Amino acid sequence: MTRRVLLAFAGVLLLGAVWELYKDLGPATGVKVGELAILPRTTDLAMPHLWTILDRLGQPVSSLPGSLPLVVAVLQACLVTLGIAGAGWGLGVVFGFLLALLMQAVSLAERAVLPFVILSQTVPVIALAPLVVGWGAQLPAWQEWMSVSLIAAYLAFCPIAVGVLRGLKSAEATQLELLHSYAAGWWSTLTRLRLPASVAYLLPALRLGASSAVVGAVVGEVSTGTEGGIGRAIVEYAQASGGDPAKPWAAILGAVAIGLVAVGVVALLGIALRRFRRWEVAA
Amino acid sequence: MSDAVAIAGVTRTFATGRGPAVTALQDVSLTVAPGEFVSLIGPSGCGKSTLLRLIADLDQPTSGIVSVFGKSARQARLDQDYGIAFQQAGLLPWRTVAANVELPLDLHRVPAAERRARVAELLDFVGLADFAGSYPDQLSGGMQQRVAIARAFAEKPSLLLMDEPFGALDEMTRERMQTELVRLSAETGAAVVFVTHSIPEAVFLSDRVVVMSPRPGRIREIVPIGLGPGRERGEALRENPAFYAAVTAVREALHGDGAVPVGVENR
Amino acid sequence: MRARIASPLAVAWPPVALAVVAVAIWQGVVVLGKVPEFLLPAPGAILGDLLAHPGLIGSATLVTGLNGLVGLVVGAVVAVVLAAVAAAVRFFDRMSAPIVAAVAVVPIVSLAPVCYTMFGAASQQPRQYIAAVAAFAPVFLTTLRGLRQVRPVHRDLMTAYAASGWQATRTVTLPGALPYLFSGLNVASSLAVISALVTEYFGGPRDGLGSLITSAAATSNYATAWAYVFGAIVLGLVFYLVTLALEWFASRRA
Amino acid sequence: SSSPSPSSSSSASTDTTSSSAAALTPVKIQLQWAVQAQFAGYVEAVKQGYYKDLGLDVTLVPAGSDTVPQDQLAKGLVDYAVAWVPKALASREAGAKITDVAQFFQRSGTTQISFKDKGITTIAGLKGKNVGSWGYGNEFELYAGMTGAGLDPATDVKVVTQAFDMNGFLSGDIDAAQAMTYNELAQVLESTNPKTGKLYTLADLNVLDWSNLGYGMYQDALWADTAKLAGDTAYQDTTTKVVEATAEGWIYARDHVAQTAADVVAAGSQLGLSHQEWQTNEVNKLIWPSPDGLGVIVKAQWDKTVQIAKSTKNGSGDTVIKNTPDADAYTNTYVDKALADLKAKGLDVTGAAYQPITVTLNAGGK
Amino acid sequence: MSDAVAIAGVTRTFATGRGPAVTALQDVSLTVAPGEFVSLIGPSGCGKSTLLRLIADLDQPTSGIVSVFGKSARQARLDQDYGIAFQQAGLLPWRTVAANVELPLDLHRVPAAERRARVAELLDFVGLADFAGSYPDQLSGGMQQRVAIARAFAEKPSLLLMDEPFGALDEMTRERMQTELVRLSAETGAAVVFVTHSIPEAVFLSDRVVVMSPRPGRIREIVPIGLGPGRERGEALRENPAFYAAVTAVREALHGDGAVPVGVENR
């Protein structure tokens, strides 16, 4: 376990070293093959020094007296977004699961609905945000963050529905026949066989759903103008990037941190479900 | 009282995408009386498993009728009139040995206490009491097969369908299981349809042995054995001249008129 | 393992029927409810807009589609290769885990501006890279999971043949992981499209669907905006069908 | 909105007891973006208690990138909205029933800036260049200007999308970038010139100012719900009060630039103090002097905006609006009443003597 | 010339998470000469598969040494000194029958033409020429097992490891395969380690039969058979009194001193 953590840490350090080395040695205009930009520019604007970013994290957010260190402000924003994304993920899991169950149970539903589950993700949030915000506001007790959670759920449900459906269909023919021979009903087959057999698909689906929910929460905040979260910070910090190139990286790091926490929660779930992953090659 | 199994003029062909369809069974008719023990024997690929699957309603005949206890095969399956053990153990890898045996009881809402008692009894019967908490991947091939056998017995069914259940067992265990199986089926009055490749096994167990011929799978001959009621069959029987005679009869039925060259059943 | 080969008609009619019903209800609600366009445009109005600017919408769809396609291909290929390496080399898997996790969760809205600064704000490339990053995560994660689900007896077989890591991957692991790979590709195909599109909000030539949607929506010209969205949906559909066809082809050959 | 955003908590009710708060009329005003000095009049009207004095409990609602303020108003999600006139007119054509009740910004703040070495001194100089534009309907002056100068925006230039930052411009990918005098221009001037190690200065830039070039359109206006204006007397009354208090806020901002910048930052803007000071000063320049009175819609300017909107093609090749807006599109009724009240209080509502100050920008706008 | 297989003092225990560790093999020593045919026989779960896996370097002993042709088991595996057939067929479901047989040749870069010819020959040998284009799930259990056998022979290895390969075959096919196996191993000089539950099979095939006892798995007795050179063994041998004598010898070794009750090997 400690070896695992150390290696992960070494990986991050290695990436940092590559970053600095390239910034030092690479051309300011980046590496191009013909018109194709292969490697990035190395200007301070494009690739600030890592220590600049670290240093910036310790400085106050703005010149206002009493403003918090950037890292604290980012962490606060992360917590807000994490809550919103968490709610969206939960909703996405419930909806994605129900949809997958419907598609598994009724093959016609699968054939009719699955393409739209996939296609739903090609509708940009910009087209949906006005609808979500507008309709949400008609409901009593609707809060602004709920719109953002709904957008997060919208992005999260697709990979979950697709993954769970695949998982539910992954049970082996011989095992299905066994349950069939027991005259097991749909529900029994689901709980005794399909669900346990689906775990290998379920975990990446939940994980993708978690990162999609985070992306959705961030995009939703940007799109709807919900304040306080990391999405808003990304926009706000980007505006200062010309004179303060390290600042937007703080927000990016924050967004990544939320995603990692979300994925970590799913990983814990994976440990809890170890029993169902006996075939998995240890890695 | 209606037959345990009644198969009338059943044909089953498989489309194979490219190439001609494979006729696994052609015009097969067979009845099994309640409490009767019938073995199916025949060359590899002759349709034994297919026939068993039709009885279990895991597959449907292309033509012909299968009925079980006077009902359709489907109804019999829904009524849970049979227990089945497949050619492959087919255990659920995420369930322990005990939980695998418990599966049918669990599905049919047998109370927990009764379930536990029954599972313990069954694991004792197949000699795996020590492995109740192990997972299938921690067992040897023969041990897995024994778990599947225990599972088939779990509900004391009135019809047992078994596809080469003892194939992976050593001789001693196998003979013990054979003796137990005959005793159990006699005691409970269960009919058994049993697929095997072993002529002595078929003879020892059965009231009748059905000898099949391959491609298309047909019943070549049905050999009545008549070694007396099951409950009286014991180890001594294996040394009995009547036993040897029956073995020879089945062997001859199987090898046919001698015109079929060895191993050419597949051409 | 081998999918039944269904006729295209049988595959197509249920979703088409569903779409027709949904659009009819939509049109009905808008017309009967006298919903103004700035609330929800009617399918008819969207169609009118589509017919009014077929060239513009077509070319924007092509631009975004090409970016998405390049991204999907690059992202998926890199993902499969790295997943294979990660499955085979524990050391690499452990070292790359945090980085892969970060790539998988980083929102494109935060990455896109940086990417334009790094690779040039007037070119299509940042869009393709972002699409690749977006497509990478689902393909990598599902493929890696699939690669780890090898049946023990198959693993033993490969060990017995002293098959090299790559040989084992090619003959046993990858075919076994194919269903997983395709579940990842399904998700990645639409992610690549939407990411290429959303990245257009933050820079690059004003020629793709994303660039054009913003102006239309900002002036409440939602029929036009949805006409562009329709272009995006068509792209998603094409990508989806291509991945389906790939899956069908792969499982038929397999 | 009950999210704990700084703007909503700065509403007038926060420091009043619940009993007196009940007497205040709740009002939501949709801004076009996050709180910044562009909306200084509103921020100061909250901060200085002008709304509360008139019995209003005002919440300023910040916008996201996809928020269309005039739609929010038309949908009834807010009571008033700040929006650029051409965009709002386009929304009216799509069925949004809204009316311009106060035109605080009299001049356009949109420019196209380029580094001196690109040699872009005229609109025609844009030919063959990478020309930046935000989209979101903020590009009409650029398109009108290019069309007026004989350029075809579709073929003669490469239009490049700009994001929230100016990095595309600073990296040289965009030759001529769109810049509001009060925001993006400052972002450039807050950035370090890698060649000199110092901040860029105006001397490094060529600026095409659409107002000066004759393509300026009406921008930030306060919009109200047309139907309610027609029949709802309470709403009419509130409208006058909102316009009056906001105008007073703008007058405060004119006279207290530094304090306004600080108040805006305190109200939650993430941009720095010097940046907001610059922004306040530049926004003042767009408002003052207002010879016809602060917020009055001047027919000639209005008609010019309408005329440009009718002849300029948007991204889809359609004109921004097809028809001349009806009479409900704007009214000076409320601003006239409001100005009368303010004049009665002895306030200067034309700013004839207005002089901008000089603001020094710090790196990153700090 | 070094032994084909040399096992010295090998123990293998499995940790099982909860509960005590299972000792699958304890202090097992055995040598197999080049070209020698050795069968392993013993009750289910006695460690036969485990022993075979140790020789194949698919598992490593807890203590003791396994060497193959004088090298470490690992080196022998890397040098591809053996062919193997598992207890489960282990076919790749996405490959056709022909492609499954071809797999090892494919992996070891045998030229395509040669590959094709060899596959045709092998499929003929197991009687599945007609099913070259079928997929495993279209085959019966016995047919799948035969594909796996063909695969094990593909590279004419000098050591063959086979784990109950004929378990799912009918008697006729089984006897034919036995005859072929003896002939092949004699012709190619390959050593064979063969796991089976059938005493007659072990006797018919082997130069020596290793009888194992269970938990912990040990070698109870090694019975030399001496029925003459493999190439001369034919069907007639099965009727030979020497054959019956050897069968009896192995049976007695297996059933031990009679003190072990039937089926109690698992307690």
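Points to keep in mind about this one:
We call the chains A, B, C, D and E, going by the order they appear; numbering starts again at 1 in every chain.
Methods note: contacts are C-beta pairs under 8 Å (C-beta built on N, C-alpha and C of every residue); 3 or more make two chains touch, one makes a residue touch a chain.
If you're wondering where the values come from, they're calculated on a predicted model, not measured in any experiment.
Two chain pairs are in question, A-D and A-C; the one with more C-beta pairs in contact is A-C. Taking the CA centroid of chain B as reference, the farthest chain centroid is that of D. Chain geometry summary: the mean Cα position of chain C and that of chain E are 49 Å apart. Chain C has its Cα centroid 15 Å from the Cα centroid of chain A. One simple way to say how far apart two chains are is to compare their mean CA positions; for chain A and chain B this gives 52 Å. Across the assembly, chain C contributes 39, 113, 117, 120, 123, 151-152, 201, 214, 217, 222 as residues in contact with two or more other chains. Within chain E, residues 88, 137 each touch two or more of the remaining chains.
Shared interface positions of chain D, defined as residues touching 2 or more other chains, are 65-66, 68, 71, 75, 163-165, 167, 171.
Within the complex formed with chain A, the chain B residues making contact are 53, 56-58, 77-80, 82, 84, 86, 88, 90, 92-94, 103-104, 106-108, 135, 137. Touching chain E in their complex are the following residues of chain B: 14, 16, 18-19, 22, 41-45, 48-49, 87-88, 127-131, 133-134, 138-143, 146, 163-164, 167-177, 197-199, 254-255, 262-267. Remark: chain A residues 41, 43-46, 61-64, 125-126, 129-130, 133-134, 137, 143-145, 221-228, 232-233, 235-244, 247-248 touch chain D in the complex.
Against chain C, the residues of chain A that register as touching in their complex are 3-4, 7-12, 14-15, 30, 35-37, 40-41, 45-47, 108, 111-116, 118-127, 130-131, 134, 158-159, 162-163, 166, 170, 200-201, 203-205, 207-208, 210-211, 214-215, 218-219, 222, 231, 234, 238, 241, 248-249, 251-252, 255-256, 258-260, 262-263, 279-281, 283.
Chain contact summary for the complex, chain C toward chain D: residues 36-39, 49, 53, 56, 112-113, 116-117, 120-123, 200-206, 211-212, 214-222, 224.
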